[in-house]
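Heads up, the next two complexes both have chain A, just with different partners, chain B and then chain C.
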Partner chain A sequence: MTKIAFPYIGDYHVPAKFFIEKALGKEVIMPPKITKKTVEIGNKNSPEFVCSPFKYTLGTLIEALEMGADTLIQLGGGCRYGYYAEVQEKILKDLGYNFEMVNLINNGKPNFLGIYRKLKKISPKISIFKFIYYGFLTSKMVIYMDIIDSYIRENIAFELEEGSFESLKKLMLLDFSKINNFKELKNKFNYYKEEFRKLKVRKPNDFYKVGIIGELYTIMEPASNYYLEKELAKHKIEIKRFTNATYLLFEKKRFVKKNIKHVNIKYKMGADATDNIIRTQYLCDEKYDGIIHIKSSFCTPEIAAMPIISKVASDNNVPVLFFSFDTNTIETGVHTRLEAFYDMLEMRKRK
Partner chain B sequence: MKDCYLGVDIGSISTKGVIIDDENNIIVSDYIWTEGSPTKAATKLVSILKDRLPENCVIKGIGTTGSARKLVGLLLDANIVKNEITAHAVGTLTFYPDVRTILEIGGQDSKIIILENGIITNYAMNTLCAAGTGAFLSSQAKRLGIEINDFGTYALKSKNPTKIAARCTVFAESDLVHKAQVGYLKEDIIAGLCKSVVLNYLNNVAKGKKIKTPIIFQGGVSKNKGVVKYFREVLNEDVIVDENGHLMGAIGIAVLARKNKIGKTYSLNVKNIKFETKARECLGCSNNCELLKVYKNNELIDSFGSKCGKF
Partner chain C sequence: MDKVGIPRNIFYYYDKDIVETFLSELKIPYIVSPHTNKKILEDGLKLASDEMCLSFKIYLGHINYLKDKCDYVFVPRMCNLGSDNQMCTNFMSAYDIVNNLFDIKILNYDIDYDSKHFLKKGLFKIANELKCPSGKIRKAYKVALKTYKDKKKREISINEGNLKNNKIKILIVGHPYNVYDDFIGSSIIKYLKQNDVEVIFSDRFDSEITNKLSKKISKELYFKFSKENIGSIIYAKDKIDGVIFLSTFPCAPDSLVTEITERSIDIPNINLIIDDNASFAGLETRLESFLDVLKERKND
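The block that comes next holds the complex of A and B.
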């Protein structure tokens, strides 16, 4: 019996689990969410200077293997992320685990047919019809989740009842995982969209809007950015975030092609570096109060983008706060900088 | 009766305290070493300040800043607890309203604050390492067998500063040992070290920031004349060092305490407060949060460190 496991990234384990169970008919092992223990295991078995997503995902994979998983799924991005699957497979095999590693996306270029072929290896009985049907259904679920998420990001800071958004989102994810077809999904989505709108918020006339840009994993996995969005929400800041699964899967290519001429870049810089420069320009044009750039330590594409982001922002007189997260980052330091950032926004607005 | 405000800046190396009045005049001020025990240092410092405070002064506000601000804020029952970046900016602006750049190198961290028309427009703080901070300089002073207070004087003696790797303390240290062993003069090495601190700061913390005059240099390392000299030389601008530079954070938080006063009068009788912290590891989940419980007069007043919010 195949037992499949995959690393966490944000809440996307819900659609991923849904797809594997429905389309492949396989069991999914859900390791515990990322905790200090996960980080410790990941740290211990990773090269020291690898980017931190490697450590987080490796930790989760080991926890899954300990729980009996025998097939691991990884994705590959357009940077060092592209080698994660191979290197992690080697490390885990050296540790003595017996399993199969499947890398669904090579080089950050999702290819529908390629994914199908690879899944066929895990589950030879999968029909192309089932694959396409559930592929689209899952994609739709991801898109709906992201729509709700951006609404949450705009409003959670101003909720009247603390925790109301989070608990409703939990219910939504639970309901999403139980749907069977497009109609049910659409109904659930409409229902929760209404429910979210019903949650009481009190937006003051004067509030701060901050855009979050940076490296994709650190942005999307709250455990790896020390719950930055939550911290910002505590300071009553509305958040705009571009990177989500919808963007990476369906919009990225078009977005970069369309907008690269607006910023003065001739060549693409790999991973999301170009995207982030374009976004910086966008956030400046839209008169955002500030920009927060986050990345994992040693993330090369973002390091290359940082001086340009810094220049674009200072030309437009918008402050940028740079964060470089590692598994050893001290939380207090993050809070100090965020607090100062908030004070700065306040001072700037008051002048 | 005169209304006064206490500001305490508890850093990793030293604890600074100041009491100001409504016109920003410093009434009393002092600083002592933290020595790894922020609450003890703060208690001692506040008692010292209290003894020296003129009879006609009443404390109407207390603020804390620095890395132990939260804990000491609880101890002193402060009406404002703020980060050191804001505190330094506010403090400096009180005396230099037109300052454009604040360079700050402390015991454990270094930061740059860029200001325009009296407001912070940008700032940065060292992230990954402590290269070029006070802690590094004092450990090297020990290695070279001189007092940290004489470091600057030694550096000024040098006519020929040695080149020392400026990027990373590990490289700087091995470079320094090497230079010493092949026979370079001590003052040249010290001067080189001061210069490497400046270059390191400009390359890492101040990277991409436009440094405009007036520039003010503060923090513990600003007492080091060698570092000041090389800042002036490398930037090719005048760098102001205020004699109260080390107090700016404390002054800033005192000013903020005044702005946020709640009408309460504080007694400063901290000597008799029984203040305890108890640490334990929570075994509720695999996060194993390190919880710190704070007791004041045997009463639990706060706890830090919980990720799930249970405590």
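The block that comes next holds the complex of A and C.
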């Protein structure tokens, strides 16, 4: 009996689990969400100066193997992320685990047929029809989730009843995982869109708007950025975030091609580096109060982008706060720096 | 005529023979920055972001050295040599970083086989930018390519010849811009040679062979230069006594590639990671004990 597991990234385990259960008809093992223990195990077994998503995902995979998973799925990005899978497989096999590793996207280039062939190996019975149907249905679910998420990001800071957005979102994800077809999905989406609009918020006339940019894993997995968005919401800050699965899967290519002319950049600098420079310019043009750039330590493409982001922002007189998160980052340190950033925003406004 | 400056780092060790011959065939004056010295290193450290890899920091130091000594600084971009042969992202972003950090004129071309941007096209582009008579460009390219191939052949045959030596043989596995750099690799190589070790270089083999051989260690690896580095270990494994992995902190591809390679080979090896404030004294102790191990194994 195949038991499949995969690393966490944000809430996308919901559509991923949905797809595997429906399209492949396989059981999914859900390890506990990322905790201190996950990080510890991951850290202990990882190379010394690899970027932290490697450590987080390795930790989760070990926890999943301990729970009986025998097939692991890993994805890849346009940097060394695409090479994670093979190195993690080697490390885990050396630890004595017996399992199958499937790297859905190697070297950062998603390939429809390639993914189908790899999934066919896990589940030989999968038909191309099922694969395409549930592929599209799951994509639609991801898109809906992202739409709701950006609404939440704009409003959660101003909710009247604490926790109202979060608990409604939990219900939504639960309902999404139970749908069977496009019609049901659409109905659920419309229902929850309304429900979210009904939640009471009080937006003051004057509030801060901050854009979050940076490396994709750290942005999308709250455990790896020490729940930065929640922290900002506590300070009554509206958040604009660009990176989500919809962007990465469907919009990235067009976005870069269309907007690269607005910045002094000639080439794609790898992963999301060019995207983030373009976004910096956008946030400056749209008169955002500040920019927060987050990444995991040693993320090479973002390190390359940082001096240029600094330059663009300072040319436009917009403050940027850089965070480089590692598995041993101290949470209090993060809060102190956010506090200072917030104070600075206030001082600038008063001037 | 306009003078071109070539930074002696990163791209230099891959394309120097071709670019230098090409320029001199076209009678374009050029200078190459000197070997990395203290001033270049310190300037690089100041200009770069903290977290950049040491090699790239040094590269920025070289650009800084050249910035007021020539009309153009040569900064290519390399993205891939085919989809399974990618470059580290610093090779992809070098041009844009330099262009944003310095106020200089840049001579640039893009190597991206996936988008059909080949070296030939790139060299023709820069020759046109420097207003060379178009009749001469084709010939200059031919001469440059031949010089490059001949030189490469010579290097490979010397390296192969050294493999037959009876001395203790150590394969240095690293990127040429680290291995041959004065601040990073030179002192290590000098030390090994003084101690009667034959040094074999991972980049001086037929890259087509080593590229394929890398599959024996890693099937999915897509970084071209890393592939050739580890392929050389497989190629030479029966003839060498030990391997030294040499990289700079925090090299992205090496962080994973060295890990998987160390777990896959059974040749004695050490992993030297050089950072901003590395001192040779510390390295020397490690090298010394490594040599002791190799000598003992050889005597057994």
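Operating definition for what follows: the second predicted complex is superposed on the first by the 351 of 351 C-alpha atoms of A that agree within 3 Å, B and C clash if a C-alpha of one lies under 4 Å from a C-alpha of the other, contacts with A are read in each partner's own complex, and residues count from 1 in each chain.
Methods note: a contact is a pair of C-beta atoms (placed from the backbone, for glycine too) under 8 Å apart; a residue touches a chain by one contact, two chains touch by 3 or more.
What you see is a predicted model; the values in this text were computed from it and never measured.
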Chain B versus chain C as contact partner of A:35, first or second or both or neither | first
Partner chain(s) touched by A:50 [first = chain B, second = chain C, both, neither] | second
Look at A:297 in the shared chain and tell me whether it touches chain B only, chain C only, both, or neither; answer first, second, both or neither.
-> both
Touching partner for A:103 - first (chain B), second (chain C), both, neither | second
Scan A:3 for contacts with chain B and chain C and give back first, second, both or neither.
-> neither
Given the touch rule stated above, what does A:307 touch, chain B (first), chain C (second), both, or neither?
-> both
Could you tell me if A:83 is touching chain B, chain C, both of them or neither one (first, second, both, neither)?
-> second
Touched partner set for A:267, first chain B, second chain C, both or neither = second
Which partner, chain B or chain C, touches the larger number of chain A residues?
-> C
When the two structures are overlaid on chain A, which partner does A:324 contact: first (chain B), second (chain C), both, or neither?
-> both
Determine where on chain A the residues touched by chain B overlap those touched by chain C, and list them.
-> 297, 306-307, 311, 324
Touching residues (chain side chain B, partner chain A) in the complex | 67, 82-86, 117-125, 127-128, 208, 210, 285-289
Listed in rising order, the residues of chain C that touch chain A in the complex are 48-49, 51-53, 77, 79, 83-84, 86, 88-90, 92-93, 95-97, 99-101, 108, 110, 218-223, 249-250, 252-253, 255-260, 263-264, 273
In the complex, chain A touches chain B at residues 32, 35-38, 297, 306-307, 310-311, 314, 317, 319-320, 322-324, 326, 332-333, 336-337, 339-340, 343-344, 347-348, 350-351
Counting only contacts in the complex, chain A reaches chain C at residues 47-51, 54, 79-80, 82-87, 90-91, 94, 103, 106-107, 109, 264-271, 273-274, 297-298, 300-301, 303-308, 311, 324
